[in-house]
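Okay, so subunit A shows up in both of these, paired with subunit B first and subunit C after.
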Partner chain A sequence: MMDDNSPYLPLPQPDDIPVREKEDAMGAYLMMFAGVAIAIPLPLLNLVASFVYLYLNRQKSRFVHFHALQALYSQIPVTILNMVLLAWLIVCLVNDFTFPATFKGYAIMVALVNLVDIVFSLIAAAKARKGLMYYYVFFGRLSYHQAFSKNTGPEKAPVNSPPSF
Partner chain B sequence: MRFTVSLQESYSRVELLLRTFFGWLYMALPHGFLLMFVGIWSGILTFVAFWVVLFTGRYPQSMYEFQVGFARWGLRLRARLMNLSDGYPAFGINPVDENVVLELPYPEKQSRALLLLRLFFGWLYVGIPHGFLLFFRAIATWVIMFIAWWIVLFTGKYPESFHEFVTGFLRWSTRVNLYLLFLTDDYPPFTGKETEK
Partner chain C sequence: MRKKLIIEGLLLILIFGAVWVVFAIFPILPHKSVFQISKENETKLGDLLTRNILRTREFDRVNNDTIADALDQVTKRLLPVLESSEYRF
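After this line comes the complex of A and B, so read on.
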């Protein structure tokens, strides 16, 4: 149980979360396919889509806010890796299609990271659809802190108060 | 689905001329520019929603409402550009337009079989028959719009039957679009007339 002095708000339980919010939370993880959706395989597109999704949905509830944040944060390192790969690939193509072994190693590593990202995102999406919290390493804690801290989120502590008599 | 464009008592000739000569500039351009980005987002949501429907049998409600809002926005603009309604169309997916109304009830469940059928054979059993007929309907609509333009210019009134015909074209094409975009499971009828009361 969470005591009243905890800096965090109590977590919503699956039965308390409307289906609509569960679906909104699930959708956040599926933004990783944005590039595929519009057939433009630019790594940055997925990040932009995740950001737009967060922006549009963050006020809906803390549960949705948490999942949208986590989805966005998890996209950042993958996007950086993908962008480096894309830039390196362009350099290799410009240089007479020569692909050094280090490039191949990096490409395989990035492919594996993407695979892991897809698997975990799908797991997280399925959990969110059931109204469950699901924490990624590091990003889970960060998102939880930002979404469920008492001083953040849609229902902030009241600032205005009545006059003292 | 219900789609209506109100027939006004009288139409402004000044607005008609303005739309005809400068509509592309002050209406189509700003709306088109924004609709392009909203359209990209809509494409992303359609892709995501497809997989969600495939696995859960339910279109996420927020995404559904966004798609319907996007369709409404496009129809508001088209109704003006086709001179069916006066006034400047509102920007955004949420505004309510009392002259141009699109109602699409949210389906709690959607058929996964139909979803796949549309994906693989939609072009065949929807695109070809409806596209073929809509092509000729579009030509007829252009002729009617041209005649109606002159009538409105001289009389300030839009003939009701002409108005219904042009609206019918929009209604028909909208039904086809909504069906192909997985927003409804009801196969579009081969008519521009309202089928639901």
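After this line comes the complex of A and C, so read on.
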């Protein structure tokens, strides 16, 4: 159990989370298939979709905020790796179809990273649908810190004020 | 929290780097290029193409002494200084 001195807010339990929020949290992980869904396999597209999803859903609850953040953060390195692979591939194709061993090793590593990302995203999506927290290495801790820290949270609603005289 | 974050981040980078290095040193993909061809097969291919060109009806044989002399002079000067082609296959 979390004491009052903890810098983090208590976690919501599965029975306390509305079904709609569970579905919204699950949807965050499915943004990685955005590029596939519209048949444009550009690496950057999934990242943009995750960012837009976070922006639209972060105010709903800390549970949704956490899962959307985790989905976005895990997409960033995968997207960078994919973009570097694409650029390197184009360079190799222009350079007389020569593929050095470092490129092949990198391509295999990126393929494995994508595979791991898909597997863990599906697991996380299933957990989120059940109202459970699921922490990735590094990204889970970072997202938890940002979503459940007492110093952070939903932004305050803007207030209109009269002009100063 | 921050210390654990840094440790986990470094751990991820190390794992990615290690996987990259391992697969770069021990490639599992075949190295054979689709453009690879032996010298013997290349010679056969050249002969085959030459025969096909010579069989073509539109191919006319030119019998002109002036042209033949000119070409003879050019080849006499050029061939000795030509180096063998560096193929990249």
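Descriptive notes on the structure:
Quick note on the criterion: the second predicted complex is superposed on the first by the 154 of 165 C-alpha atoms of A that agree within 3 Å, B and C clash if a C-alpha of one lies under 4 Å from a C-alpha of the other, contacts with A are read in each partner's own complex, and residues count from 1 in each chain.
By definition in this document, contacts are C-beta pairs under 8 Å (C-beta built on N, C-alpha and C of every residue); 3 or more make two chains touch, one makes a residue touch a chain.
The model shown is predicted, which means the values in this text are computed figures rather than measured ones.
Contacts of A:97 after superposition: subunit C is touched, whereas subunit B is not reached. By the touch criterion stated above, A:49 is placed in contact with subunit B alone, subunit C being left untouched.
Of the two partner chains, subunit B is the only one that A:26 touches; subunit C does not reach it.
Shared-chain residue A:57: touches subunit B; no touch with subunit C.
In the superposition on chain A, A:112 makes contact with subunit C only, not with subunit B.
After overlaying the two complexes on the shared chain, residue contacts for A:165 are found with neither subunit B nor subunit C.
No residue of subunit A lies at the contact with subunit B in one complex and also at the contact with subunit C in the other.
Put simply, subunit A touches subunit B in their complex at residues 19-20, 23-24, 26-27, 30-31, 33-34, 36-38, 49, 52, 57, 60, 129. Subunit B contributes residues 40-41, 43-44, 46-48, 51-52, 56, 58, 60-63 to its touches with subunit A in the complex. Contact residues of subunit A toward subunit C in the complex are 77, 81, 96-97, 101-102, 104-106, 108-109, 112-113, 137-138, 141-142, 145. Looking at the complex, you find that subunit C touches subunit A at residues 1, 4-5, 8-9, 11-12, 16, 19-25, 27-29, 33, 35, 88.
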